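Okay, so chain A shows up in both of these, paired with chain B first and chain C after.
Coming up: the complex of A and B.
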């Protein structure tokens, strides 16, 4: 398969040959992107390196993410910062949003891929009905592992796979063995959804979590956009050997669009990434923009929907987002299989790259890319392909 | 079951695509007017396995409620007699003259020709033990090959389409003849066994010599095993009662036809590994060209994709593993369905697809080996969902005076 020409963004002309992926499990559409003609849109003629994406030569399938209970739809990716309990440093944790019947908001598992042994194991199987988590458990893209070993993961649950039966959800705290040790709930937490940004100081930590559940109704007819999604800063105290406790909650951004969706469950701010300058970047899916929340770690008030960094262009419903070591944002699109690289300082969209050109979706790769995480080496990134339940490494 | 070569008097194999979605699995759909109307019942092998495929199937799985082995034997004796009668176009039992009692047959096939009816009986795990209970003293005689089917990636199995203690595959060129047969067996089983699930299926009526198309619009014959079918028949590698028998795997595979119909033609062909209209393998020109799995394009990409259905199902890609596919299409209306792929459509969708039926000497080296990889990698998995699964041990054929599976019970 070739990257579909009709979907090529304002062209670039940076076309080069790419090495064949070494992984025997690579699917053809992955092959195609890698082998054929990955197209970097934008002006990349110059000899100097513009960004990270052009250095990626291969896309290798790493593992299926389906655990024994059949959960589907991999969402969050977290690379373990430390070794603790079941987890080895550098392991890749992936959670699942769907159950084995593929109903959204019913996934309860986190799998652990060890890059050394190349084995996938089950880290956590959380009870579907967790009394402390209103509505039950359906694991979202909000997940992190702290240096102290605690794993914190968001739940935006449903009983029937739609927002008709959506619960308020919670943040679930797991110990190093994957056991539920506690939950975080409250009026500020409703559908914790987006990739979690974190400042981890060991005995204290600050979590940034987007909430997309406020006043979202069933997905009937044409559900309205509700401008009530928030970004919550949660400050934790983590005494040695003790469960993290919340010391402060501050809503630092609010008014983002959120909407029920018959097909994709819910649409709202999904990507959160911290810059070195204390700015929190938010991928505003419905606004088709990236927003900046200044002084995210310290501000005492809401910045509303923040300062607009960039909008439209290569962005097609931005979802997952990370900060690359070069200071650029890597943003996955929800409406095609591209990753967009953005310089947040200038607001420039540098280029986009097809990482999933699977034409079983239209446009190719749409709806597939919910999780992205830098690998420890800093020169490659993991991403999930939801449509085939695979963890892939771009390197 | 027959001792003659079932293909000897028929057209040669219409080899085309292989794979799970091989609708005309044995591409031997005989034009009714050219074929004998009666398939023999007695013989070394059961009929309905290598028999040229009939146009219709009605398949039933039953759960045993009988308390004693003798009751099971009684049931199998009555089934054997009825099967032999119906294969010749007769009623299941004599109709009788007593109008004050139910007749010996429901009568809905009276006047219909035999329509090449075959009946294939199978034994599920539940015959040997159920919930840990050895109900009939047969637990020690469960064949090693009659395994508990493993869970495959993407399985969405429904209890109502899976498992069963006994199976009956009725195939005929007339749908009513096939249904009639199962209906009589179920009636004969009252008090000893009850229905667990049923599935009807059909093949299109393409002219003789033309490979049928499946519901995805692709010509779908097969690269099926050929006589003398070493990959199909159990020999001395299992218990004596299974000699000349075979293991039957059924999978009810729902095809997301709505999703498929919205997919570009070239991607459909890439997924399957064949041209849609001609049936030629990618890289070939004609339908019957050899599947060249080593062919590369000018860029070094495999011409038939690494995850193409035909590649992953091919014996060459599975250490030579072969199974005899004998599948039928099914169309059971619409159901509420949540698709397994982005954009995660939910709603009323066709409950249609393929009732996959495969016979093999040992499922561990047959279907399970082949499908374990396909379940993870097959590009077609984005369009197909396995919602039913069952495995049955089909004993060897029946000689006159015997009943089906007699050798199993003789040693019990």
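Coming up: the complex of A and C.
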């Protein structure tokens, strides 16, 4: 006889990570490799390597990201640049967008995973209602830790898990003990959403923040796309021992598409990554493209939706994005379980790697990925599988 | 808007608020029970904090309640309607979360089974209309520990297990309600008590390994007879089996192995060079089981006479060992785009067993499912399927022997066929409603009515409605 589906899926069944076995080689290729290997220099081998993703061998589940209060849906990942207070350098901070009932826009916690002790601890539990944060608190992918120890995290809150009750949100400043020390609000901050790009000079810092909340309505059957999402540059002064203060803000990009969604709350520009040439790259989720904003740190005006670097192809609703040490962009897909590697100079999509092939979704891993962060070694990266609330390391 | 395209310059509108944490008055406006009630994945949500509190210790729990009504408007031994239902309770332990032991999962589950069995009371068909029909009781079901190794490439599961959870399964077939669409007819009819499958389970060891390139192998050895009784007295309520406490190890061993191939389904670590569009996903399985116990001949007694012979001892001849070979296909055949909710899938399961020691020597079930058939109903699924169970030549020969020795007309059993049309409504994240229609041709393979031996059991038209609530 047939039972209904099991209720407690074994955690192990979510783990499917292995390197594919090498293809069988014909004798002539074996001969060629054996003869040629000794004369190949390291540079030559590196030249054969097209990117970073192909060098990964394993995907290892690191930890559950659910804290004691039951918050779910991990979004932002930040690797601590310094040791300060509760945080050790190299710790992985992860925030949660959902509460314990899995309602979106109600998560208030940041957890701290220490790779040395392999322990997960609670870094911050932010009060649900901060008078200076309109609409409550729901932590987003916009998070960073500065060299001075301050942690700044975005909030795009809801009262019922949908954009019907969406608040304007804010940026919240936390001290090294995880206490709320201040907030950043204003008419140009509305739903700070995507992963931050940061220039951190110690006593000064520049934050790049995408805003996806302007004029977004409830998640009706077919909510309209509103082309009002922005990228804001926020320049901070950080006197020693004092709270960061805003010295300047500039809207450097605008007009990106944003819309409400009944499944994923909101869709809009989500990934921000800085190139060495001063270009800010933006993942335009609804446009299914990567855009470049030139002179992002210095420009005084908006570049609109920027120059198109690449579009469609392997991109399937690009979300969080980082710059790898090789100068390539790594971007997570929202509509499948792939990370795509892009050469931003040529605009070439090099390839994609399946990092979450969960067949419970169609396509596999759809809706599972969000945040991504390079590990300190530069040869591996952290990512979240938000459907199972897990932090994973590709290495 | 032009203003949004312009630089803002020095910010006086962007403000920094200081030192809020300790002195802020916090409004206790936690969402209430009804907040998000219609959109969440289970009815109780966090169950007032219980789920998250337990998860701090690595513990998860689930409760699923299934209720259904069935009625046959024609055929069977009588017409009528009845209710049945089950409640599944399960508790899991993630050992990493609980005490830092990586890769371990402990699972314990149990059933409350209730209501009337329309198949036994009205239909007498082989392929009963609902997979949850069983003898009413409350019992322990599975108790197992699974340990994964090598980042999940290999895992071992040991303990009290129900094989229908992992073996012979079909993704698309699981939409349907008929028993045959779940645990198929061959093991249901040919193994002791239907084998270690719902609502039973038995002790055993299962190994599984990911072979790469889409291949997975799994196999194991289990105790073959959960109640531990003789073949004709191995009911679900026998002794301590009633409450699931019969951890029997005294009877035969059931060896089972299955190789699975996942077509167009990526694995973690696969690279995508974007050279061609991914094909439609499918899963193909080939497996077999071998049982070391002895099985009664459906035709002969222990002296070699037909069981229909007046001189027969009435004690069936016992034949050592039993086996079956099976194949399962699940293949998506259409979808408009890779990220579309719409798709069409087909499935088929075929299996056979020796005809001299089994009631059913061959069974097949197949069908087609259509997801998101109606506009705005992305999570609903419609399906049309059928199943055929062929009565073995030995059982059919016994019927002929009965005619020969009695001199009276008696039907010779052949095959029973049913068709099923179903529509699963995903009302919300925690509630499914599923109206269902089945029509059974030649119930029982062709048998007489016990309450009126002058007539055969007529073809049956059956309507049903199932509700599934996940708490």
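Definition applied: the second predicted complex is superposed on the first by the 348 of 395 C-alpha atoms of A that agree within 3 Å, B and C clash if a C-alpha of one lies under 4 Å from a C-alpha of the other, contacts with A are read in each partner's own complex, and residues count from 1 in each chain.
Simple rule for what comes next: a contact is a pair of C-beta atoms (placed from the backbone, for glycine too) under 8 Å apart; a residue touches a chain by one contact, two chains touch by 3 or more.
Predicted, not measured: the structure shown is a model, and the values here were computed from it.
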| item | value |
| --- | --- |
| Partner chain in contact with A:85 - chain B first, chain C second, else both or neither | neither |
| Which superposed partner A:134 touches (first chain B, second chain C, both, neither) | neither |
| Partner chain(s) touched by A:103 [first = chain B, second = chain C, both, neither] | both |
| Partner chain(s) touched by A:386 [first = chain B, second = chain C, both, neither] | first |
| Chain B versus chain C as contact partner of A:367, first or second or both or neither | first |
| First (chain B), second (chain C), both or neither touched by A:264 | first |
| First, second, both or neither for A:248, with chain B first and chain C second | second |
| Contacts of A:351 with chain B and chain C, given as first, second, both or neither | second |
| Chain B and chain C footprints on chain A, overlapping residues | 1, 20, 64, 66, 68, 70, 100-103, 161-162, 262, 359, 362, 366 |
| Contact set on chain C toward chain A in their complex | 1, 4-11, 13-22, 24-27, 29-31, 35-36, 39-41, 45-46, 49, 51-53, 55-56, 60-64, 66, 86, 88, 90-92, 94, 96-97, 100, 103, 105, 107, 109, 128, 131-134, 146-148, 150-153, 155, 162, 164-165, 174, 179, 181-183, 188, 194, 197-199, 210, 212-213, 262, 265-274, 278, 281, 338-339, 343, 376, 468, 470 |
| Interfacial residue positions of chain A with respect to chain C in the complex | 1-8, 10-21, 53-54, 56-61, 63-64, 66, 68-70, 99-103, 106, 118, 127-132, 136, 159-162, 173, 175, 179-189, 221, 228, 230, 234, 243-251, 254-255, 262, 300-302, 304, 313-314, 316, 335-338, 349, 351-357, 359, 362-364, 366 |
| Sites on chain B touched by chain A in the complex | 151, 153-156, 259, 262-264, 267, 270-271, 299-302, 305-308, 338-347, 376-377, 379, 381-383 |
| Residue ranges of chain A touching chain B (in the complex, touch as defined) | 1, 20, 25-28, 31-32, 35-36, 64, 66, 68, 70, 72, 100-104, 161-162, 262-265, 358-362, 366-368, 386-389 |
